[in-house]
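Working notes, structure below.
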Amino acid sequence: MKKIFVAAILASLAFPLTAQDVQKQIDRYRELLADGNPAELLEMRGEDLWKQKRGPKNASMEACDLGLGAGKVAGVNAVLPRYFADVDRVMDLESRIVHCEVTLQGFTMAELTKRPHSLNQSERQTDHEALTAYVVGQSRGAKVNLPQSHPKERESFLRGEKMFFFKGGPYDFACATCHGVDGQRIRLQDLPNFQKADNAQRAFTTWPAYRVSQGAMRTMQWRLLDCFRQQRLPEMEFLSPASIDLITYMGVKGKDGTMDAPAIKR
Amino acid sequence: MNIKRRQTIKAGSSLALVAAAISAGVLPTSAFADWNKAAFEAKNMADVLKALGGASAEKSADIVITAPDIAENGAVVPVAVASKIAGTQSISILVEKNPSSLAAEFDILPGTEPNVGTRVKMGQSSNVHAVVKAGGKYYVATKEIKVTLGGCGG
Amino acid sequence: MADPMRIRAQQKGDVTEVRVLMAHIMETGQRKDSAGNIVPAHHIQTVTATWNGKPVLSANFGPAVSQNPVMNFTFKGGAKGEKVIVTWTDNKGDTRTDEAVIS
Amino acid sequence: MKIKFLPFAAVAFVLFTGGCATMQPGPTAVDTSREVESLARRFPPGAKAPTDAEIVALLKASFKDSPSAKLDRLDQTPLQMACTEASRSGKPLDEKLRDGLQAAALASVKYPADGKYLGDWKRGKAIAQNGRGLQYTDKVGDVAGGNCYACHQIDKKEIAHGNIGPSLTGYGKLRGQTEPIVKYTWARIWNSHSFNACANMPRFGDAGILTEAQIKDVMALLLDPESPVNQ
């Protein structure tokens, strides 16, 4: 008995941690984190903002049509990006929120897109982040099902697909370099493979997310901006056509996933 | 009272709430311990204990720390502590290798269960101590938590 | 300006479980800004909770409590519909009080 | 010139035959459900498939030019173009094309003029941990890191390592410090496309990510018997 005990101690010293051990413990960390998500604070702030009369036109956002009809907020993030006839193009959630702030409240595009994301740690989250948090939170439990019947919706997907595989920059990286293979990790963070439905669902349904490493909730637009930064491409423009096409691609790949955002992540 | 504070209370529309609470004797400040500056500035467990009014702490198996073995990020490490020691008066969470060890201290009032949780910052892998005061004596349990670097690296 | 807390209080048998989310920067006083200057400490120092006028928790936080703090505690008693009131105060004197109805 | 390099390629083949699956993880082929999707579904009336030129133009319209990350990063090299198509279609490169790209990559490798390949493993350790550099948020001329741990296991004590590349634990201990090994390792770091046209690993020397001195330090981390990698 004693021998076995000593052997066990020696073994644990010789092989500090197996990859499975580490993964189990990381899963445990994530489970404990999920118990309290500060993104809820931002959702509350966003709800107040949504209902507040703001801007030169002194109007609230409550009449905004996010894709399921004017004033309807529940479930919209599960069907976006989609085609909007009033602008004759495909818009993602964040583009549509900004669109409503311009058309309903009279804000200018320039002021809304100047600095949509707060800085790390040191700054209060922006109104854009708060509004996005609120709207996204109202889609929890909704099944992802982006419409693809309009030619422009399909074209957005096809462009997004091509962009996903586009290798460029000094590192020769494409989105697919990290997100096109099963079981890959950067450091200890697993990388969803968008060619697998369950992976794509998990990724699409858990963004936006509160990032504990930044002390802030980050939107899907930010997620892409920062992926491209790590990819060593130039700075992605907020609400750019490429961002919308890539979100369409991810959303179509994540079909039938159940929305669970804002989530909480490292 | 500074202006900022007044604005805060007003903006939160909780002025009435606070006033009502005070007049009803709901917030008898004396019931709550003052913030112990010396304890929060102490660099190690011995100095924290001294600042809290103790001397040494006895190891105890009746203190249970619930926390991950590995933290994916040191900025947020969930730590919960439950004490089965009779007459638990306070529970403190200390991170040994932080610049100041004491992270949080909870007074266990009559009626409070000796079971609390929060999240702490850890600058690096470190021992985390749960110090329990009971019957005027101090007890401690310790758990090592590894902090890892993560993400794409920059 | 302090944002509201999110408080959940749930009766479970003869105890009530309380979970509090607080919006606060919890600046450590050790971080440098982009210009290289130390950002002064700014953190919650005390958190108190009452139920039916009775104190049920008192906590002291240092700057090592994470940004946007999460705090969970449990007290004996509590019935559905009763109120739990939570107040925090930080080192700059800012304070915030919010309440939740026990469910 | 070519003949001189052949032995290194041969060494590479021997070293990594066992680990090819992990060495060259190309993205998995596009799923079959999409392949068999009817044309009508794929292209609703009026929907057009985008051309490569349209994609580049759209990307350029979607990114901002800045001194530290210019828009020309979106102009693909022939290798980037070929490997984009290979991963999108799930079909490997044509052999001739592949060999040509690999030969060009190998020809790009600059070996140290002073003939010294190994620097300081302690500095190499820091370079392997550092993930900064070449981002639009960086300043031109900022020192970059190698970020090796993002993809590789190296020092066994560092548990936060990725798995996109193979484990490099015990690299020098297993392989020794013979000239072919040393030169192969250098070439692999300088331009990994020399041995696998569509390798995921960045061209640390060729793309100017690390300096020659930094690569020497990383070499020491891998090959120096004193390095923790070889303990």
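Letters A, B, C and D name the chains as they come in the text, with residue numbers starting at 1 for each one.
Quick note on the criterion: contacts are C-beta pairs under 8 Å (C-beta built on N, C-alpha and C of every residue); 3 or more make two chains touch, one makes a residue touch a chain.
Predicted model, so just to flag it, every value in this text is computed and none were measured.
Engineer: Can you figure out the chain closest to the middle, judged by Cα centres?
Structural biologist: Taking the mean of C-alpha atoms per chain, the most central one is A.
Engineer: Could you state the distance in Å from the CA-based centre of chain B to that of chain C?
Structural biologist: Distance between chain centres: 12 Å.
Engineer: With chain centres defined as C-alpha means, what is the inter-centre distance between chain A and chain C in Å?
Structural biologist: 28
Engineer: Counting only Cα atoms for the centres, state how far chain B is from chain D in Å.
Structural biologist: 47
Engineer: If I count partner chains per residue in chain A, which residues reach a count of at least 2?
Structural biologist: 22, 35-36, 186-188, 212, 215, 230
Engineer: Where in chain B do residues touch two or more other chains at once?
Structural biologist: Expected reply: 70, 75-76, 78, 119, 148-154.
Engineer: Can you list the residues of chain C that touch 2 or more other chains?
Structural biologist: Where chain C meets two or more other chains at a single residue, that happens at 4, 66-67, 70, 72.
Engineer: Write out all the pairs of touching chains, ordered by chain label.
Structural biologist: Pairs of chains that touch one another: A-B, A-C, A-D, B-C, B-D.
Engineer: For a test of understanding, state which residues of chain C touch chain A in their complex under the given definition.
Structural biologist: So the residues of chain C touching chain A come out as 3-6, 19, 21-23, 25, 31, 33, 39, 66-68, 70, 72.
Engineer: So in the complex, which bits of chain A are touching chain B?
Structural biologist: Listed in rising order, the residues of chain A that touch chain B are 22, 25-26, 28-30, 32-33, 35-36, 186-189, 212-213, 215, 230, 266.
Engineer: Can you tell me which positions in chain B touch chain D when the two form their complex?
Structural biologist: Residue list for chain B touching chain D: 70, 146, 148-154.
Engineer: Can you list the chain A residues touching chain C in their complex?
Structural biologist: That would be residues 35-38, 40-41, 44-45, 121-122, 212, 215 of chain A.
Engineer: Show me the residue ranges of chain B that touch chain A in the complex, using the header's touch definition.
Structural biologist: So the residues of chain B in touch with chain A come to 66-73, 75-76, 78, 119, 148-154.
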